[in-house]
Amino acid sequence: MTVHPHKWENSGTHRVPYWVYTDPEIYARELAAVFGGKSWNFVGLEAEIPNPGDYKRTAIGESSVIVVRGKEGEINVLKNQCAHRGLEVCRQDYGATRAFQCPYHQWTYRLDGALSGVPFAKGVGGHGGMPDDFDRKDHGLTKLNVTTRHGAIFASYAQDMQPLEDYLGDKMLTLFDRVFNGKPLRIVGVSRQRIPSNWKLMFENIKDPYHASLLHVFLVTFGLFRVDNPSRTEMDSTGRHSALVSRRSTNLDPNAATQEMASFREKLELKDPRLLDIVKEFSDPATVVMQTIWPNLIVQQQANTLATRQILPAGPDAFDLNWTFFGYEDDDDAMRTRRLRHANLMGPAGFVSLDDSEVMDLAQRGIHVDPEQQAVVEMGGRGREDHDHIVTETAIRAFYGYYREIMGL
Amino acid sequence: MTVHPHKWENSGTHRVPYWVYTDPEIYARELAAVFGGKSWNFVGLEAEIPNPGDYKRTAIGESSVIVVRGKEGEINVLKNQCAHRGLEVCRQDYGATRAFQCPYHQWTYRLDGALSGVPFAKGVGGHGGMPDDFDRKDHGLTKLNVTTRHGAIFASYAQDMQPLEDYLGDKMLTLFDRVFNGKPLRIVGVSRQRIPSNWKLMFENIKDPYHASLLHVFLVTFGLFRVDNPSRTEMDSTGRHSALVSRRSTNLDPNAATQEMASFREKLELKDPRLLDIVKEFSDPATVVMQTIWPNLIVQQQANTLATRQILPAGPDAFDLNWTFFGYEDDDDAMRTRRLRHANLMGPAGFVSLDDSEVMDLAQRGIHVDPEQQAVVEMGGRGREDHDHIVTETAIRAFYGYYREIMGL
Amino acid sequence: MTVHPHKWENSGTHRVPYWVYTDPEIYARELAAVFGGKSWNFVGLEAEIPNPGDYKRTAIGESSVIVVRGKEGEINVLKNQCAHRGLEVCRQDYGATRAFQCPYHQWTYRLDGALSGVPFAKGVGGHGGMPDDFDRKDHGLTKLNVTTRHGAIFASYAQDMQPLEDYLGDKMLTLFDRVFNGKPLRIVGVSRQRIPSNWKLMFENIKDPYHASLLHVFLVTFGLFRVDNPSRTEMDSTGRHSALVSRRSTNLDPNAATQEMASFREKLELKDPRLLDIVKEFSDPATVVMQTIWPNLIVQQQANTLATRQILPAGPDAFDLNWTFFGYEDDDDAMRTRRLRHANLMGPAGFVSLDDSEVMDLAQRGIHVDPEQQAVVEMGGRGREDHDHIVTETAIRAFYGYYREIMGL
Amino acid sequence: MSNDPGLMLEVQALYTAYADLIDEGPISEWPSLFVETALYKIVTRENLARGWDLGLMLCESRGGIEDRAYAIEHLSLTIPRRVRHLISGFALTTNADGSFAVTANFAVFETIEGRVTTTFASGRYRDIVVREADGKLRFKEKISVCDAATINNSLVYPL
Amino acid sequence: MSNDPGLMLEVQALYTAYADLIDEGPISEWPSLFVETALYKIVTRENLARGWDLGLMLCESRGGIEDRAYAIEHLSLTIPRRVRHLISGFALTTNADGSFAVTANFAVFETIEGRVTTTFASGRYRDIVVREADGKLRFKEKISVCDAATINNSLVYPL
Amino acid sequence: MSNDPGLMLEVQALYTAYADLIDEGPISEWPSLFVETALYKIVTRENLARGWDLGLMLCESRGGIEDRAYAIEHLSLTIPRRVRHLISGFALTTNADGSFAVTANFAVFETIEGRVTTTFASGRYRDIVVREADGKLRFKEKISVCDAATINNSLVYPL
């Protein structure tokens, strides 16, 4: 409905115009510039496809792709579009196969996407067939640029990508390696949500650590997270990635920060405390690390629940959030059970994340009330620098700094 | 899909091009010019929110607003969009509260929309907080221009509105005051319909009194309404408002007008006649008054059922119709019961209005058959003057006279 | 989302850009140029409406039309849009009537669309009524150009259409007359599917005979169709129509063509063989004839199941497929039963056509993966000539030759 | 809570008849499932919660129910459609006066001619069933509580 | 109308088996619920109303039902999906020949892999159930009447 | 397969109570339908099929179920909504230990305040029911298997 294209008036990012969450033109440009551009898109974990031929179907932006382990154990990411007449050659969310065969005319592709079979290519009884100059080499499934690190898989439409390590930068790499430390991973399970809000609101939700101490009664009540916990908010040099690092404190004055919190209940106790029986598993003192990696990944470590959250945009007003909960191969039974229990905090029914999906629903609706207004993103000032606390929206400002650059806004 | 913008060819309004009901561009302009413009939008009845803190959620155009009674009993209409990052701060259709608190970061607004609380505004332990020059006064919920008359509440995005009385004009004001006569109102109940047609077709349905004598077998059969009843069709000076006033006749020749009516059944009698035991409650002889008030209100008095019908557009192809049935505080028990019985005539299952919602469905579908055609609105001539009868579409022509002006069509 | 309009780069039709299946602008032009243009749209069979007053509701493009047999037995096709204020005057899929009466104000139309009644046209008691110069002759239901052949009904918005016979051309006419041979038809039943793909993919599916030998395990397994059956692929001179003609062979080397077929099962036998007890009913040796007629018809003869498939587009991403199964009045009981049994092959649950509706779903989704790519339509070369075999996509290439012309692409 | 299978079966048969006479017809026989003085009412949860008496349909006698059935069949202009009731979760308790308080959940699907099937409404029955002199069970009171406040266009048939 | 709770329970168990073998599988055992000479047919209300015999599926024997089950599992190309049957409103009458005429309402939900759950169809069963020599109840005739004339793409599984 | 109508009625009453305490409330009494050591779990068919243990909800005791009920009522920020359960197709078998293995199909509809009713989920119950000392039937194990892998935003209430 935009009669003339939108323009971002102010120079800063402490005010964000709401039309970036609603304008279909903006969204179309995002698909090309953000997800289709020079970015490493998270597509899954190696542990999901341990053996040659194992594959999963996922998407980058809105485009379906196949992530498959090749004969030599290497990982290929292929556009899920038959080179003949365009069918999704893969119609399952996951599986194992020797090759991908399109059902329509049985063009067959190797695990690296190379076209290996074209029925009747030479015709039948001298009739028909493909032209003599038809070369199967020109008709494989489009192969994306792929990189992995310690079990996490990333892909890009751009072939000239910088190494993932440089893409993340030192600070972010260190935190990434904290969870993806090279130990073999074990999948605990997946959950998937269709959230009725713009995909950027998911990032803002994580890049805004201070909401947790106000919105998440559960978190605060049980001291899993408090604004007065020692913590910091960090970004990479471009501002596109960020991390919240926080440490659970032993005995804090309950009245300190929580007094500002409407619904705090000091006395609450769990009837089944096993839900929160937490053990320290990382060498550093941090008890919560939430990292966001441009353009579609959140890495979560909260209590003993570890998960990747992959963002799949679905129009300006919705996105799919795919959670993959994981642990390590060497988890003992107690830890395996613990991770399952702590998973209650997260996902579509999470004691914590449920608040967030509801809030994102309200946000998208509220934004539509008047898309010509703008968000006020000024907690912790108007700058984009790191902070040694979390009473700040600096990571959101940093995110939009990079976003404006990429989008030419 | 319109390659070039639509233009209203003829100069009159006795032909209405169907693209005004289907073109998304036209619809977008309506949201701004009609509902967002210099109009008094009906948002509810005071009786819905009798006490300070009582609120309801509704919408103007497609934009959610809160209608709330303030501490001093005054009525405020607030945009339902948090001044921080845009959430709908009110997520319930109705309720009572001391303040509106946004769930995300608990920014808290007084009942007049003023921002009263911003957690961590001064930071926590010297960390973070809002900039020093952040002034809560600049960040309240947007307050709309509000006016009321005898219990009906109207709001406008425009601050420089003429008084409601002038907006209605003498003729319309008199009829408005007939039902809204200053006596305290009592809510009987609400019903809500999502009708799959353009919002203007709802107005046309009421502004076209003569359809009633043909479409509504029930009405006619029981003599509640007949084209040969003494009646008149009136507009205000701008043509944007209108009213149908009709008087039920005692003994009319059943063959007069009804002979033209396909499905008339003279003999029909109700098995439970209480449905139509009607008592005269207004001083004038009128038995039916249907008033339409630009841009979103219908005031209905039919038998002893009184109701406001609020129109909430939802895209070019649909609108929500919110009915609020009411009576007076001083209704005796018999009258209270009677209003409940007569309500059977109206709403989504109304013996009468059911025909209308079905017809509007058929209209929108039929219009889509060829949006380049136009309606022929020539019953009662091609002019826009008042008529002392109802065999006319003059009120529709008058409506589109004002509509073209406002829309620049 | 198309920033600049799409352009078909290459000159041929052996590459088809995927945006022709997804771009809303292209689709809007198709409604006007293809279905609304100089084409004979199939709208039904005379046997559906045997008697005067019998009618059916269907659509051309997306526009609802009424197909009705008039008083003299002639057939009229009328736009389903009231001349007054646009309602669908016909709200049933089929029925019998003396006239069409719009429910809103009871304007009444004769079976030929002429406006015969306008209630209160002369007003009531001297009040109101239509203007003196209002002439009912100017306000009928729009009548389309109609032609029939041997029981099949076609309509066009264009009045200056060539005769159907010339429109089809000799080759196609001969094949059309093979099934529509002048014998009175008998309706066996209808089935309707909403298929989530672009309408053109339905034509491609039929115009591409060779997929059948690969996709349809059922067909091949029971020898109903094989790529090595003697067959031919033919088009009319414009390329817009086409036909596949194939003959079932008695004993073929099972290893010949089927070896290329992944899922061939030689041994398979039906537990209830009546499903495929086929009798020869046409004089020529052909056992399968699938004919596509621009812009919306497929005529199917497979085993003893005869059907028309009417294509009704519903946005770029979907279409309705209406199947009308029929036989001949003089079918004996055995043949009537046989046609019912063979109908198991077709329709939404067809042992054969089920594969096709699934494949079309996958195609539309796959195409959306990257609409800037293009289909490779080179089986049987790059030309558009007839072939005396079916190992070819020549009919698709021919189709797009005519399509580009009509669409100015 | 009754655990008399025979009684429960009989009660469920009443609800089956209720649904069938609406879904399959004839709607003209639907009133025969109610006692002479029956109350039939469709309310939305919203009105219930707000303490407002309004019903979307309100019949205060079998006669009133017959009027409604007649109007549906003969007086109202409607686009042809069919509804389909699914009912489960019956709970039955016996009142002091020997009548039965019955609750159950319902989902109603709507199929308008030429369109696809959609979920039309979900809700809850809060009824009173009595055994009449002829030994038959009938509704003395039937309150259909609709979960949604908003009806998808027209409410043609009873819920 | 039967009011033998034991019989009704047994009949309902047959329908539960019918739904479970389609929804949970194995579909290959689904035919075992039909008698040798069973008729299985899915029709739309439209064809029924217009007096047209066409079925979306038509099986004239258990063998034909087995052919259908085999095709679903082994021959058809389908996008993986799961259906879910909800069935309520059973009515049972005994025919002169001792067979049982059974009707019930159904709603079927479809979940295609990678997509959300949708309402696929609603409709009515019009069946004949018999007790065979082995004491088991089986379908002699099962007619699934689909309310909608239009199917949402493919009808892979029986209704 | 049990064909004891009384027992089946009793079991169905347990499921009716389960649905009613979620749909109509009070949710705080919902845990009373489980034994002290009950297991309650909501899983998606996808995780089940892939051999992954993750639950969308996992409670390993009545206490854990009470924690969930309390959080729903007092701790979670949710947009007000109501769910509605339809349950059919009960199958009951008796295990060696005297407990009952019960399966059934469910469909859940959701109505969010101010919005229309939608189909939220379909799926299957795979439960173990036991009779406790007080003579009451309770869930020893309740596994709700959700057909869809994707949840429409938030899973606020148990399935």
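Note that the chains are named A, B, C, D, E and F in the order they appear, and that numbering of residues resets to 1 at the start of each chain.
Note that a residue touches a chain if its C-beta (ideal position, glycine included) is under 8 Å from a C-beta of that chain, and two chains touch if they have at least 3 such contacts.
Predicted, not measured: the structure shown is a model, and the values here were computed from it.
Q: Report the chain whose mean Cα position is at the greatest distance from that of chain A.
A: D
Q: So how far apart, in whole Å, are chain B and chain F when each is placed at the average of its C-alpha atoms?
A: 43
Q: If you average the Cα atoms of chain C and of chain F to get two centres, how far apart are those centres in Å?
A: Between these chains, centre-to-centre, one finds 48 Å.
Q: List the centre-to-centre spacing of chain D and chain F in whole Å, with centres computed as mean CA coordinates.
A: About 27 Å, centre to centre.
Q: Going by the contact rule already set, what residues in chain A reach two or more other chains?
A: Within chain A, residues 91, 93, 103, 194, 215, 355, 358-359, 362 contact more than one other chain.
Q: Residues of chain E that contact two or more other chains, please.
A: 5, 8, 77, 79, 86, 88, 107, 113-114, 116, 119, 149-150, 152
Q: Which pairs of chains touch each other in this structure?
A: In this structure, the chains touch in these pairs: A-B, A-C, A-E, A-F, B-C, B-D, B-F, C-D, C-E, D-E, D-F, E-F.
Q: Which residues of chain C touch chain B in the complex?
A: Counting only chain C, the residues touching chain B are 24-25, 27-28, 62-64, 79-89, 91, 101, 103-106, 119-120, 123-125, 127-131, 134, 139, 142.
Q: Over in the complex, which chain E residues touch chain C? Could you list them?
A: Contacts found on chain E: 42, 44, 46-47, 50, 52-64, 66-67, 70-71, 74-79, 149-156.
Q: What does chain A use to touch chain B in their complex?
A: 1, 3, 18, 204, 210-211, 214-215, 227-228, 256-257, 260-262, 355, 358-359, 362-363, 365-370, 373, 375-382, 387-392
Q: Looking at the complex, which residues from chain A come into contact with chain E?
A: Against chain E, the touching part of chain A is residues 57, 91-93, 103, 194.
Q: Help me check something: in the complex, which residues belonging to chain F touch chain D?
A: 5-6, 8-10, 12-13, 15-17, 19-20, 23-24, 82, 84-88, 107, 109, 111, 113-119
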